[in-house]
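Report on the structure given below.
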Amino acid sequence: MKTEPLIIGDYTFESRLFLGTGKFGSNALMHDAVFASGSELVTVALRRVRLQEQEDEVVSHLQIPGVHLLPNTSGVRTAKEAVLAAQLAREALQTNLLKLEIHPDPRYLLPDPIETLAATEILAKEGFIVLPYINADPVLCKRLEDVGAAAVMPLGAPIGTNQGLQTRAMLEIIIEQSAVPVVVDAGIGAPSQAAEAMEMGADAVLVNTAIAVAGDPVAMANAFRMATLAGRIAFEARMGAVSKSAAASSPLTAFLAQE
Amino acid sequence: MKTEPLIIGDYTFESRLFLGTGKFGSNALMHDAVFASGSELVTVALRRVRLQEQEDEVVSHLQIPGVHLLPNTSGVRTAKEAVLAAQLAREALQTNLLKLEIHPDPRYLLPDPIETLAATEILAKEGFIVLPYINADPVLCKRLEDVGAAAVMPLGAPIGTNQGLQTRAMLEIIIEQSAVPVVVDAGIGAPSQAAEAMEMGADAVLVNTAIAVAGDPVAMANAFRMATLAGRIAFEARMGAVSKSAAASSPLTAFLAQE
Amino acid sequence: MKTEPLIIGDYTFESRLFLGTGKFGSNALMHDAVFASGSELVTVALRRVRLQEQEDEVVSHLQIPGVHLLPNTSGVRTAKEAVLAAQLAREALQTNLLKLEIHPDPRYLLPDPIETLAATEILAKEGFIVLPYINADPVLCKRLEDVGAAAVMPLGAPIGTNQGLQTRAMLEIIIEQSAVPVVVDAGIGAPSQAAEAMEMGADAVLVNTAIAVAGDPVAMANAFRMATLAGRIAFEARMGAVSKSAAASSPLTAFLAQE
Amino acid sequence: MKTEPLIIGDYTFESRLFLGTGKFGSNALMHDAVFASGSELVTVALRRVRLQEQEDEVVSHLQIPGVHLLPNTSGVRTAKEAVLAAQLAREALQTNLLKLEIHPDPRYLLPDPIETLAATEILAKEGFIVLPYINADPVLCKRLEDVGAAAVMPLGAPIGTNQGLQTRAMLEIIIEQSAVPVVVDAGIGAPSQAAEAMEMGADAVLVNTAIAVAGDPVAMANAFRMATLAGRIAFEARMGAVSKSAAASSPLTAFLAQE
């Protein structure tokens, strides 16, 4: 079943499920999970890429037809560090796609709104397709859009917690107002939560921990693939309203009265 | 991707999505939605079946290979009425499958625990495969099992409200304790909610309103098909735990420090 | 601040907070917590009362002016056992008030709807003021009312879990439909949850674990006293509606434009 | 019952309930609600104050012993406008307390993180006691603290929606990390929600719409007073943990077995 394609910068995606590649038990498992997920965009932490070496183990396992790499700047703490990291990533991986992550906070890994806005402005001008990872802040999302972000990536819950869409009330406003794609990133811990984000109208979701730490990561990747697509189809098929009072789907006239 | 089959009585199902057939705009649309859903068990209200006529419009539209009919007793208010309705249904539709619905309450259509237990005991003895629709009451579920229910069908929320798993805390206990399949019935309003029920370990879900009233019921049926399967795969693949504190999926060591 | 009194049977209560008396560190602490709570109705498990002895330790600590005892039948598993227990309780404690608890389930202590309905009918005829503890089942509540229950006590969540109003969707219907007082019992773990039940229109709440296991049970009893009253006042003062879009409480005209 | 006092800048408060003064039906009603609430800090929108006139109607109705005014900058859209507004407010109301609100967004009135940080830094240096109103962003809260904010005021939900603590997951982190008082502002629609914020460990709450639009604003102010205090007492009294499985508060040994 076909759904509308997703366009970010000059890339077009059929799949609306992005994958993170950390925490997998092995590179082979990571490869198989990415393949099963149907994802066309996978993040890779720049720190994991051996920049000077010809045969990088992580990157070589992600050479899958149709799959684009999205380097992320995980580990940087300021706009300045992020800009330098982004330039190294572009050179090493030959892509202008960039997931911008700036989190000075070592415990919850939450993003810094000020540094992220500053770095987005600089990097967008330098030709990067910038996808900033941010708190679910509607005003910040509009400002990022104004300085050239290609998409916004608000968090659903703190990274790695599997808590789901804790920021739902703010995500709804972000989705309503955004002129660029909205990718819900972080906190999605179950296929049902990926489907829920898509039903709300999010343009894509990014999942990592929930797949990587599952008992069977490849099967879980497949489950996320289907649930994300199901959520998108439901959004396009226009769901019914939630109501307070019941409405019978079966007729209520007394069964025996009319026999 | 294969999941464990579901066995109820002497029937085996690959699909864990059951469909209700009320509220569709036309019988043709109903047929197409059932087909798209992949469901192998669809409920039909006995009142909608013209028992004496050879060519019943509703039933004839549900003659789909692999699809079983599950007559329901919607409209009855007592155990006595239910037993009579069940016997008529068996004769008319030539099946011993029965969804037992006894709801004296015309507003919220909530089931009566006392009458339902009494009717289940009688009908099970008469050879019916009884699936009683009930409130999410863990003790009642065990008693129904004791008197011969082939499955239990606790509600997620009042019928037709699309509110989702409002009774989640009780459903968890029911699923943990039940020796017969648990089918979450009523209230499921979005594919994400069907997936959520399956992730919790429910054996199946029954959906009607959310599909029938969607802008595009056939597409929505397909979305529910995928989401239900995704939830089941996730359950079998063992999901990771929910945690309070973040855990980075990307490494945290400062990016530039080691270059 | 005065609120409407609560009438159950021929008793009138100013306080809408009922207290359970289990789990306290000592009888003295129990006494002080009951006093601080302002409660006028406290449950006591019949098993804890030494029926033949003149000086029962538990009961003597609950001899507080204005406080009525509400014996409960905790520990019985059938209607027959409950009726016998009720008669012993009436004789021992000289009261016709009775909290009817029938839970065959040793793990979650959830009530049995069938036995509870049968015992309520018998005991109401014998002149007891019966307050049955039940699952949040709207149809069962109406049936209990029909056979003479003086109030209904639906659970918010399994006993002792402190999970709050997990059955909220069903409680709303029960409150809307009930002709007798609705007392939310079990699961209330924080003063905010007691307030929430009262704001919904519940007539009273029963709290035990949350007070008994607090770091400072007497202070916590006081907190529940205030929160329950606050919730009732809010209900009587008619709360505003929940809305999706913001409405400024401060004027929005640009500050400097008009200077 | 005494609770720990709250200290912000060089002010000490017994009450942890702050009040907004918009939307009241009349100034007399506003006065009576403030009085009933027990609040010692009430916000007033600078735009409502007629700066040059001697007898301002709003301000004169807030001349209540023990009540401090907290002028807010509602209506400004940039740091620059905010700084000018703050200076006018200080002069007009003779206070260095300032609630900093910068919201360029006319629909949801959500705050701008970048402008708010910039203005906080300037105003703190100019001697203001700055309480910035912000999204529930833990990193932003720490940065505001670093530039001199006297407290932080994260929102619970969009202003005026009465939706409660929608941002709870982020509020928990903010409360855990903050070195300055955390005041939950906006979205609190019921006394139970004020209590819930206090139970989580918030230092105070600010309420306006829920009181101003109630059927009886004075009674509702009283309800919020009690609920806020109840929540604080509960926090200081240390609440019990939430658990999954039940724990009986009454003894479970079979009642009749031992008679």
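We call the chains A, B, C and D, going by the order they appear; numbering starts again at 1 in every chain.
The working rule: a contact is a pair of C-beta atoms (placed from the backbone, for glycine too) under 8 Å apart; a residue touches a chain by one contact, two chains touch by 3 or more.
The structure displayed is predicted, hence computed values, not measured ones.
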Measuring between Cα centroids, what's the chain most distant from subunit D? B
What angle of turn lays subunit A on top of subunit C when you fit their CA atoms, given in steps of 5 degrees? 180
Distance from the mean Cα position of subunit D to that of subunit B, given in whole angstrom: 45
Inter-chain centre distance, subunit A versus subunit D - centres from mean C-alpha coordinates, in Å: 34
Going by residue number, subunit D touches two or more other chains at 108, 110, 158, 163
Which of the residues in subunit A come into contact with subunit D in the complex? 103-105, 108, 110-114, 117, 135-140, 142-143, 157-158, 163, 166-170, 173
For subunit B, which residues count as touching subunit A in their complex? 1, 20, 22-23, 43, 45-48, 72-77, 81, 84-85, 88, 101, 106-110, 158-163, 189-193, 195-196, 199, 208-210, 212-217, 219-220, 222-227, 229-231, 233-234, 236-256, 259
